[in-house]
Every structure is written in C-alpha cells, then in structure tokens.
Amino acid sequence: MDLSYGEAYEAFRKEVQAFLAENWPPRAEAAELPRKDQVDRFRDRAVDAGYLARSIPRKYGGSEQPPDALRASVIGEEFRKLRAPMDPVGLGVGLLVPTLLERGTDWQKEKFIRPTLRGHIRWCQGYSEPGSGSDLASLQTKGELAGDEWVINGQKIWTSGAQIADYCFCLVRTEPEQPKHAGISYMLIDMHQPGVEVRPLRQMTGHSGFNEVFFTDARTPKDWIVGERGEGWLVSRTTLKHERSGLMNVGQATGQLPALVKLARRSLRDGRPAVEDPEVRQKLAEIEGYMKANEYALYYRATRGRKGRDAGRIQLMAKLIRSEITQEVAKLAMELIGDDGLLAGGGELGMRERPSDNRGWVSSYMGSLGGAIAAGSSNIQRNVIGERGLGLPRDWAAQRSK
Amino acid sequence: MDLSYGEAYEAFRKEVQAFLAENWPPRAEAAELPRKDQVDRFRDRAVDAGYLARSIPRKYGGSEQPPDALRASVIGEEFRKLRAPMDPVGLGVGLLVPTLLERGTDWQKEKFIRPTLRGHIRWCQGYSEPGSGSDLASLQTKGELAGDEWVINGQKIWTSGAQIADYCFCLVRTEPEQPKHAGISYMLIDMHQPGVEVRPLRQMTGHSGFNEVFFTDARTPKDWIVGERGEGWLVSRTTLKHERSGLMNVGQATGQLPALVKLARRSLRDGRPAVEDPEVRQKLAEIEGYMKANEYALYYRATRGRKGRDAGRIQLMAKLIRSEITQEVAKLAMELIGDDGLLAGGGELGMRERPSDNRGWVSSYMGSLGGAIAAGSSNIQRNVIGERGLGLPRDWAAQRSK
Amino acid sequence: MDFDISEEQELLQATVRQLAGNECPLTRVREIFDGDSGHDPELWKSLVEVGLGGTAIPEEFGGAGLELLDLALVAECLGSAAVPGPFLGHSLAGLAVLFAGSEEQKKSWLPRLAMGDALGTVAFAEEGSGWQPNEWTLRANGTLRGTKQHVPYGSLADLIVVGTADGGLVLVETAADGVQSEPVDGADRTRRLDHVSFDGASCEALPAGPQASGRVRDAGLILLSADAYGGAARSLEMAVEYAKTRQQFGVTIGHFQAIKHQLANMAIEVDPVRFLVWYAAHAFDHVPDESERTAALTKAHATSVFMQTARDSVEVHGGIGYTWECDVQILFKRAMFDRAFLGAPRVHRERAAVLGGW
Amino acid sequence: MDFDISEEQELLQATVRQLAGNECPLTRVREIFDGDSGHDPELWKSLVEVGLGGTAIPEEFGGAGLELLDLALVAECLGSAAVPGPFLGHSLAGLAVLFAGSEEQKKSWLPRLAMGDALGTVAFAEEGSGWQPNEWTLRANGTLRGTKQHVPYGSLADLIVVGTADGGLVLVETAADGVQSEPVDGADRTRRLDHVSFDGASCEALPAGPQASGRVRDAGLILLSADAYGGAARSLEMAVEYAKTRQQFGVTIGHFQAIKHQLANMAIEVDPVRFLVWYAAHAFDHVPDESERTAALTKAHATSVFMQTARDSVEVHGGIGYTWECDVQILFKRAMFDRAFLGAPRVHRERAAVLGGW
C-alpha cells in the first residue's frame, strides 16, 4: 500500500506544468481571439501533447494514450489549478463517444467524435419516458421508416441539457412486433428541427435542470442509428456501463464534510456554536466515518482498475452509498440552519458553503432526494447489489416481465 | 373525548373492592388450605360474582358477562393491587378456549374449558416447525389414523411452555394429498405420553423460554380434533385472530420509558449524569413521542372496540410499532450502560430497572430482536399492513405458492 | 372512558373536508401556491362563512364556542388539503386576545376576528430563533420598536399580536404608522411570511399576556401538529395511490415488496400521530398539568414524522415527485413550515426534557 | 499510488484463513465458547507456530517484522472466523513493550511473546470506563495497588501491561505476589475478561510509557476495527447464505425483495469498512499526523457497523438466529465486545471531534 504518486508521476506533473505555463492562459497574440477560438487552439495543443481526449484514437481527434488513472489525475489537478479547458464535461464525451467508438460506423465516428471532443457540438440523452423509469425497456417513443428517413413520435423526460443540445442520442422503438428489449434502436437525432420541442421541467427546488422533449414527426436519416436495428438496448447498455462504473472524483466522497463543519461552526445552538453540541459532534463524526470508508473504497477501485483487476461488488455500491450519505448530510444541515429551514431553496447548493445564505442548504435538503431517484433509483440499486453483488435470485416481478 | 372512567364505573370499582376485602387474602379458616385450594375457592367466588372468565358461558365454568372493556380494566386494576388470582395467563385461556367455544364439540368444551379456566390444566401451542416459519401452512408434522387413534410424527419448534404443559393444541397434516392449506387438522394432544419429547431451546440471552417438541408415534383419540379433518388451517386462524387483535395492556406502550429515564439518570457521561447530555435528552424525548402516539392509538382501539366500531388499519400495526420502539429503547440503553455492554445478559429484563445490575439491559438488547422475529416477523407484518391496511396488491411470491 | 372524537366532531371534519374539496382542490392550491400573495380572499371568505374564523372563540364573542380539539380537527383537514392562507396566525391571534385580553379588548376584537371582518396574526420569532415567550426581547410602552421575523401574512393582517419582553403580548394595528413588512421568500408558498418592523408603532398591551403567552404558543404547537398529521396522512395516501397506478415491469409498483414495505413503514409512522394530536389538544382543554409538555412533545414528533413522510413520498413518486408539477412537493414544503415554525423539533424535545424534570 | 494490499499480504490472509478453517471451524469455536476458559492452548499454539504471536514484532526480537497493517489483516481473518483466544491482548502487550520498553525489556520479553512462550495482555480500563491513557489513575512506584477491569485473559496471562497515572505503562508478572483476578461473566465467550486487582504487586515501568501508551491504544482500536470488519463481513455472508437456502412459500427467501434489500443495505454498510480499516492501519504505520484521529473514527465506525450488521443478520435468520445454537449469536457477542472494548463508539467520535479541532 502506497498512497503517494511516486517519482515518475511527479516528473510527469512537471511536464504538464511546463505545458500549461506555455499555453494557458493564452499569450498576448492569442488572447485577441474570441474565447471559443482560444479554447479550440488550446485543446488542439493539449491533445497533441497527450493531455486531453486520452482514450480516443488520433484519427478521431484524440491523443490515443494508454489508460493511466494516475496520469489522468495529475492532468486534472494541474489543469484545474489554472482553470484550463479540459475535455468538455457532459454526456457527449462521457457516454456517446465511447458508444460510437465501440459500436459506431466509420462515418459516424468521423462526423461526430471530433466536434464533440472540441465542445463544438453538444448532446442530450433520450432514454427515460414518463411511463418508463426503472423499467426503461418499456419505452414507447416510436420510429417508423419513411423512405430514407426515420419519423419519430413520442416523449422523453428527465433530459438534462436538451435546451442547449445539438443532437440527442435516443432510444426509439422501431420494431413494435418484437419482445420489448428487442424492439429498440439507438438513434441519433438533430435537435434543431421543427419536430422537436423542448420544455423545461421545474424541480421542487425551483431550478430547471431537466426537460421534457416532444418528438412530433421528427426526422433523422436512415443510417443515423448506432448498431443494428433492434439492437439499441444492448448498445445503450454499453453507455450505461460507462455511466455507472465511471469513477467519480474521489474527492466528492468527503467533499461535503468541510462545508458541513463550517456550517456547524457558524450556526448557533442556545447561544453557542452548534459544533460544540455533543449531538452535532457525534453526528458529524458518524457521517465522516461513512464518507471516509467510501473514499477509501473509491481509491481501491481506482487502484484495481489501474491494475486491470476486478474490484468486486464494491463497484456496484458507489451510487447508493453516496446518495445515502448525501441525505444524512442534508438532514444534519437542516437541523443546523434552524429557522432558515423556512426559506425557499436558492442559489448554490450547500456544498459551496456561504455564510451569508443558508438557502443553498435548503436546496441541498430537497436535492438530496434526487440521488435516490435519478439514474437508477435506490431500490433498483439495491436489486442490483442483491442480485449481481450477493448472488441472490432475481425478483419474481422482473422475471415475469421478461 | 373523555378520559375518566365515569361514575358508574367508579361505583363498580367499589363493588369489586368490597368483594376483594371479603375474599382475598383468604380468611383464617381458608388460609389453612393448600395454596392451590385457596386459589380454586377464590376463583369460584370471583366467577360467581362475575369478575373472572367473563366471556365464558356459565355452563363451562365462566361468568358469562356482557363485554365491557372498562369493567375489565377496573377488575384488573383492583385485583392486581391485592395480587389476587386472575384468569390464568397463557395460551390455554387466551387461544384454546376461544377456539373451543367457537369450533369445539360439546364434550370438548365440557372436558377442557373449566379446568383450563381454573388453571388445572396447561396448554402449549404446536404450530411452528423448523421448516415452517412465516410460511406456517407448509408444516410437515403428520397424523395418520390407526383405528381409533391418530398417530403423530414430526417436530414443532418455538413451543413456549411445552415443558410444563399438560396438552398441546397442534396443527398436523392429516390429508397429505390435499393442497397445503386444506390438508391440516387442529388436534389436541396429551403431552404426558412416551411419544412426546420436549427439549428446551436456549436463546442467545442464555434463557430457555422456548422448546422443541418431538412427536414419535405420539397418539391422540380420533375425536380430539377441533373442527373437521382438513379444516385445521381455518380453525387456527380463529385463534391467530385472537392473538393478533388481543389488546395488550395499554401501559406496556410507555412502560419502558421510566426505566430508561432512571437508567439515564444513574449512568454517567464524562462524569455527569447521562440524562444531562443533549444527545440523550433528544433521544429520550423522541422515543417518548413514539411511545405516546402508540399509547393513544391503543386507547382509541379500546374505545372503538367497546363501541363495536372498526378502528381501521391501526389495528394491524401494534406489534410492528412495539417491536420498533423496543429496539430503539434497547439501543439507547446499550449506549447508556457503557462498559457493562461487555457483560453477558442475565436476570430480569431492563424494564424492571435495577440500579445494581445492567445485565438486564444487555438481555433487553438481545431480546429486543425477538419482537421483530416472533409471532409474525416484521416483514410479514409489513406485508399485512401493506396489503390489508393500504390495499396494495399481494406479493407475487405469495400468490405463486397458493 | 371514551378516547374518540364525537359525532359532532366527525361532522365538523366532514364539513371542512367537503369545503376544502369544493373551494380549494389541488388545482386551486397550485394557483395560489404559484401566485403572488399566497392568499385567496374568496377562499378565506368561504372558510370564515362556515365559522372557521372563530372556531374556538366563545359564542358570546361571535365564535363557534368550541374547544382547541375542534380547532385542531379543522387544522388537520386544512393540512390534509394543503389549504393556503392565514388560518394559523389568525386563529392564534384570536386565542391570544381571548386568553390575555381585557373584556373590552375581547369585545372589540373577537367578533371581528371570528366573523373575518379583521384578519389577525401573531409575531413571535426574533432574529436567531427566539420563538418562545422567554426569548422575546421587544419592549413595548405604548409604542413598539424592533423587528419580528416570520410573521404569517404580516402584510395582509389588520391586527398583529406581538410577543414582547417577559412573555408579554401587545396588539398592533397595521393601519397605524410605523409598521412595515418585508416579504420572506419562504419555501411553503401556501403560508406566506413577512418580517415586520415596528418603528414607534402604537400598541396596546393584552393585560394577561405574561400569563397567557405560553398557552398561545402551546395552541400554536398543537395546530401545527394537527396540520402536520393531516399533511403526513395525505402524503402517504398520495404515495399509496401512486403505487397502485404507476406501472413498471408490467405491474403496478405496489406489487414490489420494497415499495410495499416503504409504504407500510410510512403508515406506522403516520397513523398513530393522529391520536397523539388528539390527546395533546384534549390535554390543552382539560388536563392543565400535562398540557405544556404534551404540546411540546407532540409538535416535535408530529412535524418530524410529516417531514420524513413527505420525503419518503417524494421518493416513492420517483422523478415526477421531484418536480414542481407534482402535488407532493407542496406538502413537502408545508412540512418544512410545520417543522420550523415556532421552533424545530429539537427545541421542543429539549423543552419536554426540562418540563419532565430530566 | 497503490491503495491495495500486496500479494504477500493476500497470502498472509489466505494462510490465516486456512489455519482458522482447519484448526478452528465453527464447531470448535462453539466448544470453546461453551467451555470454561475460552481458551484452547492447542489452537493458540498453532497460531503462534505460524508466527501470529509476533506479527508486528521486529525480526531481531523473534517476530515476523511486519507492520500494523499486516497485523490488522490477521485480526480481520480471526474476526471473520470468530477465533477464540488471547490474540488481541497478547498483540497489544507486545506492541507496548516494543514502543515503550527499554532495550533490555524488549530483549527480555519480545522473543518470549513472539514465540508464545509467555502470554501477554493489557490492563487499561478502570471502574466507570477510563480506557484512555489520560483517564488512568493507578499509581506505580515499584509496586502497584488498585484494580483494572476487563483485562483479556487476565487470569491466564504471564505478563500484564498495566496503564498507570499520566498515561504510563508498567509490566506486572502475574506469578508475582499480590495479583488476583476475578472472571467477568462477559457476553463474548470467545474473548474472556477478568477484573485484576493489584495489591502491592511488584512492577516495572516501561520507560517510554507516557509517550507510547496512546499508540498502543490506537493499535488496539485498529485491531478491534479489523476484527469488526471480519465479523461484519461474516455476519453478512451467513445471512446471504441463509437467504439462499431457507425456503418459505416454495422459494428461497432471497427471492423476497424485502430480504434482498435488507441484505443489500447490510452490504453497503459492511463492504467499505474494509478499506477504512486498511487506511487506519496504513496511517498508523506511515501517516503520523492522521494516525490517532483516523484510528478513533475507524473504531467508532467499524464496530458500530459490526454491531448493527450482527443484529440484522439475526433478524434475517429469524427464530433460529435468536438461539444459542446459531453461529450468528457468537458473532453478535463478538460485536458487543468490539464495540465496547477500549471505549464505545461515542467516546471515539467525541475524541475525533476534539482531534479534528471541532
């Protein structure tokens, strides 16, 4: 066990620092350019240097580096220090690109990957429907072939980023006569067309992070499907796997603690800082125990991943654990803010602890429920852990619906 | 809403007090008799006066009084004050007698009810088997008719009181070719015979409250079954209904609180009584909230019962609520006793708070799990509340096994 | 012994439920929720017309002459329907005048409050909590200076009962000079709050204020508890209904044992609260020795249960439960109000500990 | 960065697991559990023979020369198999001599402890808790008077490391006059305890006691945490196995979502603890700044999780889990030991708060 990066990585860190010193922020001549062009130019150079788009082949605009989680960490740390542009965050780079690499045709890769990596086109994900949440495969949005085009009708929901997306990667029922999992195709759809309407969905916090997307005779070319017709379910599993096993930033595991402690320091109980109250101290330390255990579990996963060794069932647990911890944090925060628990949520979530305004914590209190609901509800997570992790038999109901 | 007993009942109380003043403790001449005869004589008089065996017809040795929960409460309060004998506590009076009254033949009622009421014969219940817990109807103990006798083979478990019981009321599979619920008979078995072996089951607390009962060619007369052959499941439901809806002493709901508060007063935290610790105070008050809510729910049930009106789904909840509260009490007690949490359980349970010995609380800590397990596990209770109380559909698995 | 509500009380609840159902279905709640004032004069008028402005005010002063238990039963129904408006503050203002006012003050104000000719409210909280009478610091001497926080409908009320130092109570008419209110952006948009500043506003003491202010607070705790029980029961009911209709994997989700048990766990939390609230109100009316402590325990318990039940209900509803469009979020925010208003559960558990001699 | 145990460490665990499986299957655990002494000299000998008497004692003193992490990995395996005996106290006595003893003391005692020629233990607790060095009150001045509570195998040990006032440590040989032990009727019959009284027993100070006693305590916290993780993982495994074999309603109970989710909830509690324990041991070995606080947090967390997991496992087992015959009760009682020994979770959470500057 060794928690240092080691010499080789510290040397690599120096390289990255030197690159950044040279290239970011842009030198005078480049600083004249529009911001977008500055970023493009920087990203080109960072790709050339092997710092961005590391897992992507060069021919599609990547730098084609061997996987190395530690190098990636070092790059992330140094880039973030200077707020240098990194790979665009989002579903395009995170989900679509890996899927295209694995299942896309050559022209699809050529057309979509490079501009996605450069942040020139943005994607949203069209999976969930109002009637299809946990039971995603029951989706009803239908695509019918009319000549050289698919004509798409139906409704998607929980589509984050739809209001700014250029394209949607979307699950569409194209073979209605097939059993439910076999009738779906994975389709790419241009969002800038009359048949697509995006309506923001307001959350209970008042924020609008999600959308509904309505397809009314929306169209997409016949060959804008990834994989074969009717294979969309399997194709989408490729990306879901990416989504669920994607190692989140380890720091997130304990990231909420300092803000919570700060809140406890500045909140009063009976005229004294709440952090002096035995109940608060116990609860904080209890939460820290959970966070730390989870944090080291994530280090272990990262290490095993780097070694190419299976980390076991702990891999299935990160989301559920995080959503449980987040709820405990939010509940303690609600105890600490006292009368401000009467206020509407607002502004930044509580993690960015700001003494002037407890409304971020109110939003966190509501938002902490989101983790138990979004991207595989906690009940679904428990099923997965029980069945895949502990080897328990499948549910009757789920079997029945096969 | 009126929480007093009212004048009529206070007059009745005076009557009861006068009766007791006359009859208990026994006068000089009776005090010469063996204790058992004293008790018999007292019970005879109390039945004549209408104070005991109130729901039982006179011809079977009862006093045949109209149901009146308040009179029953008054009787209980006054009898207990003087420790006068009441109806024998146990499964005979509680479960067997009501079943016989409803489903027994005349000779069965005549033979068994009176001595049971007088405490002359004692009963145990032979329902659970090692393989049949929540799924009771899957029981395997079999009875075969040989001439005028049933020959019984099999094993029962969790049989409390088997070591002192004279008879067992028992579920036995007599029609093996029938579907599982239809093949069972409700049989009365003499425990004093060579084919019956009782082995105590030691609990994790070290106590032995339960037994295993082994039947090896045990015998019982052909007509010692209650109801018809194969009807035993329904007959047993009569008694289970009694068991589950039987209103426990309302006092039990909050009975543990004073002991817990006493424990908190005499336990130290950092040199001060633990009851001064904010965390302990919060937890105590939280537990009291649950207890009080449950206590008043029980008052409501009692009132509705007296009025002959349905109390609704709250009737299904008492056991689960009690077992949840008991666990919270036990956990807090474990926090309070500190290092004594290293000790083996022993002696009285914690409810009889004794400053000299925390080992009762250790037993309570283990014993508090019993409530979630015995007489219908908490999961079964939740199913019942969900299905019968909230009208949710039945489980697939349970449907499937029908 | 009769631990049950009477037939008259059942009828009262049926009446209020029907009224809420007719005048204030959830579609209407939502309009008011999303509106500016959080108040619908027509709806309020219809409540007042059936006597809900003065349920617990004696008949001689134009009220219905009922007890706090009856008022709590009303609050439960309003909570269950998430009825928006000034019922809570108005009711407490009436009780404050009744418990602490002179005959003259009662004659002057109670009929107008009972009839709804005047709208009342109470101003208790001060900066950094301070909901309890012994925490109040404003000094009144014919005039009043200082700020009260979280005053329900402070900007709409005609009459504010303000808590002052040493647990006193004074009346302030908002028409007077020197009263200014600033709206609070509260979570619960069915019960709006204002911070109210008094800058030399003229005021009039309620003579028995120091003796009665604790009782007014206790009444408030019980009304919040009743609202919380109503809201919790409704949150549960919505979750159950959702579980019976929402289909996944070809069946309604109520078939899944995980959901079934979540709902059963919610039910064993929620259902007993009803009886605790009844007892707290009964003790307020008839068991003076237990009244204060029971109110504190009940407020802590009932509003905690409501808050957790509302959270659980959102979770059962899944994504849709998390949207502004879903009615359960309205209950969630009422739970936030009930939980924090007059002091969080922790505050009242500690009070119960003190009052219990712990 | 490499957050994983090494191949050698995996091998060490495999060895200990195999040894425990061969020499101490649960049938044997039960015999010792039900026996008088809670100790099986043959079993202890077989552990010592593979070097477990001195895992973290340097090779120059006859030990295996490994780190606390290795010792913790051993403790995890012993906890998982519920191996009875004096491993914990013996290990801590060795570390106390190593951290605080003079060269002479080390030379005299460490080889005997490592080889198992002498059995060691530690005596820390005093009446009414007092596990922590700053709480110790016994005064030693060549001789020792007073009583220590909850001394593991105090009656069998040859050498007791006793905590004294100001966090000092002294050695007492039990063969000396004036040492008396009285057995404690403890819940965990796999790790027996005695109260030990010293009535003028001669003793010898470990010179660096005041500097090292906190480290010895921290090592104890980590070994208890490792035992707790092992026990929790085993409790979970037993519950899972039971759910896969126990039939009700014609299927194994693992089909029921309620059971499945209970087990999943247990798993997300238990599994991450492994890595927390690793880190605590690693910090003990290599990150001095974090060592003390991490040990405290870890002991609180790991032993709480074990206790709850053992409770849950009993519940999943149903009636049978509640009997003396069921192996899960043995783990339940080990959980009680791990939780309370060296101070309950509450104590160490408060220490973590203080050490965190809260």
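A few comments on the model shown:
Chains: A, B, C and D, in written order; residue numbering restarts at 1 for each.
The working rule: contacts are C-beta pairs under 8 Å (C-beta built on N, C-alpha and C of every residue); 3 or more make two chains touch, one makes a residue touch a chain.
Bear in mind the structure is a predicted one, so any value in this text is a computation, not a measurement.
Set side by side, the interfaces A-C and B-C show unequal numbers of C-beta pairs in contact, with more at B-C.
Centroid distances built from C-alpha atoms place B farthest away from subunit A. Mean C-alpha positions place subunit C and subunit D at a centre distance of 53 Å. Put simply, the C-alpha centre of subunit B and that of subunit D have 41 angstrom between them. Within subunit D, residues 251, 255-259, 261, 346 each touch two or more of the remaining chains. Those residues of subunit B in touch with two or more other chains are numbered 278, 282, 379, 382-383, 395-397, 400. By the touch criterion stated above, subunit B contacts subunit C in their complex at residues 1-6, 70, 261, 264-265, 275, 278, 281-282, 284-286, 288-290, 292-294, 296-297, 299-300, 302-304, 307, 313-314, 317, 320-321, 324, 379, 381-383, 385-387, 389-393, 395-396. For subunit A in complex with subunit C, the touching residues are 128, 130-135, 138, 157-158, 201-204, 206, 268, 335, 338-339, 341-346, 359, 362, 366, 369-370, 372-374, 377-379, 382, 395, 397-398, 400-401. Against subunit D, the residues of subunit C that register as touching in their complex are 256-258, 261.
Within the complex, the subunit A residues that touch subunit B are 277-279, 282, 395-397, 400.
Put simply, subunit C touches subunit A in their complex at residues 125, 128-129, 149-150, 184-189, 193, 247-251, 255-256, 258-259, 311, 314-315, 318-326, 329, 332-333, 336-337, 339-341, 344, 346.
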